[in-house]
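Going by the order they are written in, the chains are A, B, C and D; count residues from 1 in each one.
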Amino acid sequence: SSSAADYVTDGSSGRSYANYTVFKGKAALSMSPLLPKFRKLESGASKVEKNGVVLLTFWPAIGQRKYDWQKKQIFALSPTELGSLISLGPAEHCEFLHDPSMKSSLEGQVKKSLSITPLGNDSGYFVNLSVVNTVEKTNERFSVPVTRAEFTVMRTAFSYVLPHLMGWDQAVRPRQANTPASPLKQ
Amino acid sequence: SSSAADYVTDGSSGRSYANYTVFKGKAALSMSPLLPKFRKLESGASKVEKNGVVLLTFWPAIGQRKYDWQKKQIFALSPTELGSLISLGPAEHCEFLHDPSMKSSLEGQVKKSLSITPLGNDSGYFVNLSVVNTVEKTNERFSVPVTRAEFTVMRTAFSYVLPHLMGWDQAVRPRQANTPASPLKQ
Amino acid sequence: SSSAADYVTDGSSGRSYANYTVFKGKAALSMSPLLPKFRKLESGASKVEKNGVVLLTFWPAIGQRKYDWQKKQIFALSPTELGSLISLGPAEHCEFLHDPSMKSSLEGQVKKSLSITPLGNDSGYFVNLSVVNTVEKTNERFSVPVTRAEFTVMRTAFSYVLPHLMGWDQAVRPRQANTPASPLKQ
Amino acid sequence: SSSAADYVTDGSSGRSYANYTVFKGKAALSMSPLLPKFRKLESGASKVEKNGVVLLTFWPAIGQRKYDWQKKQIFALSPTELGSLISLGPAEHCEFLHDPSMKSSLEGQVKKSLSITPLGNDSGYFVNLSVVNTVEKTNERFSVPVTRAEFTVMRTAFSYVLPHLMGWDQAVRPRQANTPASPLKQ
């Protein structure tokens, strides 16, 4: 339900970018966390307005160790979808369906489907993305085999960022008020 | 044993609020962490006086995708109760009983019971709250089915905040004294 | 091998104390993390000189809900001992032996033994401390039953503090040099 | 594929070093995390240019409790290799091959192999390093038995640092822009 356009960020100073990328025979898959958006309240406090996501980016191989970034497709994983990945058993699969134009006049034009299916023998998963454009009659498919070691990196990194995407790291951050600028004892 | 009234917080600047909410057919369930309270010692150090909690808020559906926030009921989970949830097996259940007026003259008037029961097939849990008021003769019940993916988000977020609710993040925070304002070598 | 005396800390400002305590029929058990000690190097960098510990404190019940803090005994868990507890299976047990005077003239006078034994049915553990003083001919014993929920809190909190006790949180902290005081572009 | 030379760091102030070391009969094994490298972008933001690693250092015993640091050999574990270790089952083994001079004129001269093999009965692992120099006709071997408790410390510490080695801690760090220096309401 989250579209990637919501997460285009300006390059303001202090911002750091990091991803985890696997390059495979037919495509590359990169993932990176995007922060939640906070809204300033009247009281001076702030509140999570929109959860963060982990952005998956797929782009195709066009030769040996050459990939075409122009043909990339993205998929934004919500906290609950991350929860599904984190708890995925070795022989289990899952699938998420997104419409990047949901609740707009273009709803239903593009259908994105991300599916994760086991490679077998607890050796990892296929991460598959299908992007169907019903108007342009196109269907782009990506399939990236991810080893168990790579999936463990994903699971560990997703578990780490999940509370941050929900803003819980900020909610449990010690308040400034604990170290007041005004003296306590006079 | 913790009552929600203990955790009403002022909206001072720097405070951040975040929750995780699931909207289901008959009710919605929202959860958010609340920080421990520290007490300043004579020495200048501080000590946890009261552990933080995760606040669960239930409120009923009153139509399709409409929920009545006025009829909300809350339940505050202590660190040990969070430990119970974090380690809950797929086919296990647990129950917690709270009296919001414990040790006051109103003790026994209101009984809150939170129970978590498996949906079956490792597909998640029912989170049930019952609030019985023996004086007003009311009994409010909420039952929210939580998928395995959603429960994984809860478990991951609860594991993350648990040390913060106990103040252990502060106890292992590097001391200011490590970077003294006064010069070391002169 | 670590003695508690090594971890007596001054109450300098900025220091925070936090513990997790369970009160049971015959004794209470409290645990709290203590930071590692860093040594300043010539280069200006610093290095962990001594790992932190989790301090366990036992003190006996002397009546209903009354405990005698004066009779407390302590046991300091090293990182590797914490690793043993974190990975302890439901039906497994473990034991650690400490001599608080090791490598001193008093070596062998006092023997501390901490053992963790299962309660059965995956319902938790007994945490037992025995302190034998061969000179004073005393033998103090504490046995505290810890529920699975409580042990999960311990395991979660121990896993959280472990990297901090080893100083790894400081080793992966972004360096000041990343945001130099001197301007980058002139 | 990462060589240790890439990770030699200056001792600038603010830098902290920490390791976890096990001393065994024939050799000692020490591990410590090394931060990723960030590159400053034109926009003022920064981006991970090179992932961090966990550096393993082996050095041989030359007597009882005496070890020869001069004869040390190192092996740098990448995030994906850490993922492999973190998810290693009790009866499983894994092996990594590194060429410290890969893509240079010396490629193929030195071959490093790190293998982890179970001790049996879920009691831990052997961590073995072999460094073969095909020009100098040398073959140095180290084998360090690691108990389950020690491996749990490694797994816990590796899981903790993994997101930091990938720079994800920086990517989810609250932006300075959230607390602007310029006033919001005038």
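The rule we apply is simple: a contact is a pair of C-beta atoms (placed from the backbone, for glycine too) under 8 Å apart; a residue touches a chain by one contact, two chains touch by 3 or more.
Quick caveat, the model's predicted, so the values are computed rather than measured.
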Classification of the chain A:chain B interface as same or different, half of numbers criterion: different
Rounded Å distance, chain C centre to chain D centre (Cα mean): 27
Intercentroid distance (Cα basis), chain D paired with chain B, Å: 38
Residue list for chain C, restricted to those that touch at least two other chains: 38, 46, 169-170
Arrangement of touching chains [line / ring / star / complete / other]: ring
Which chain pairs touch, all of them: A-B, A-D, B-C, C-D
Contacting residues of chain B [partner chain C, same complex]: 36, 38, 41-48, 79-84, 86-87, 159, 162-163, 166-178, 184
Complex interface listing, chain C residues touching chain B: 10-20, 32-33, 35, 38, 40, 46, 52, 147-153, 156-157, 160-161, 164-165, 169-170
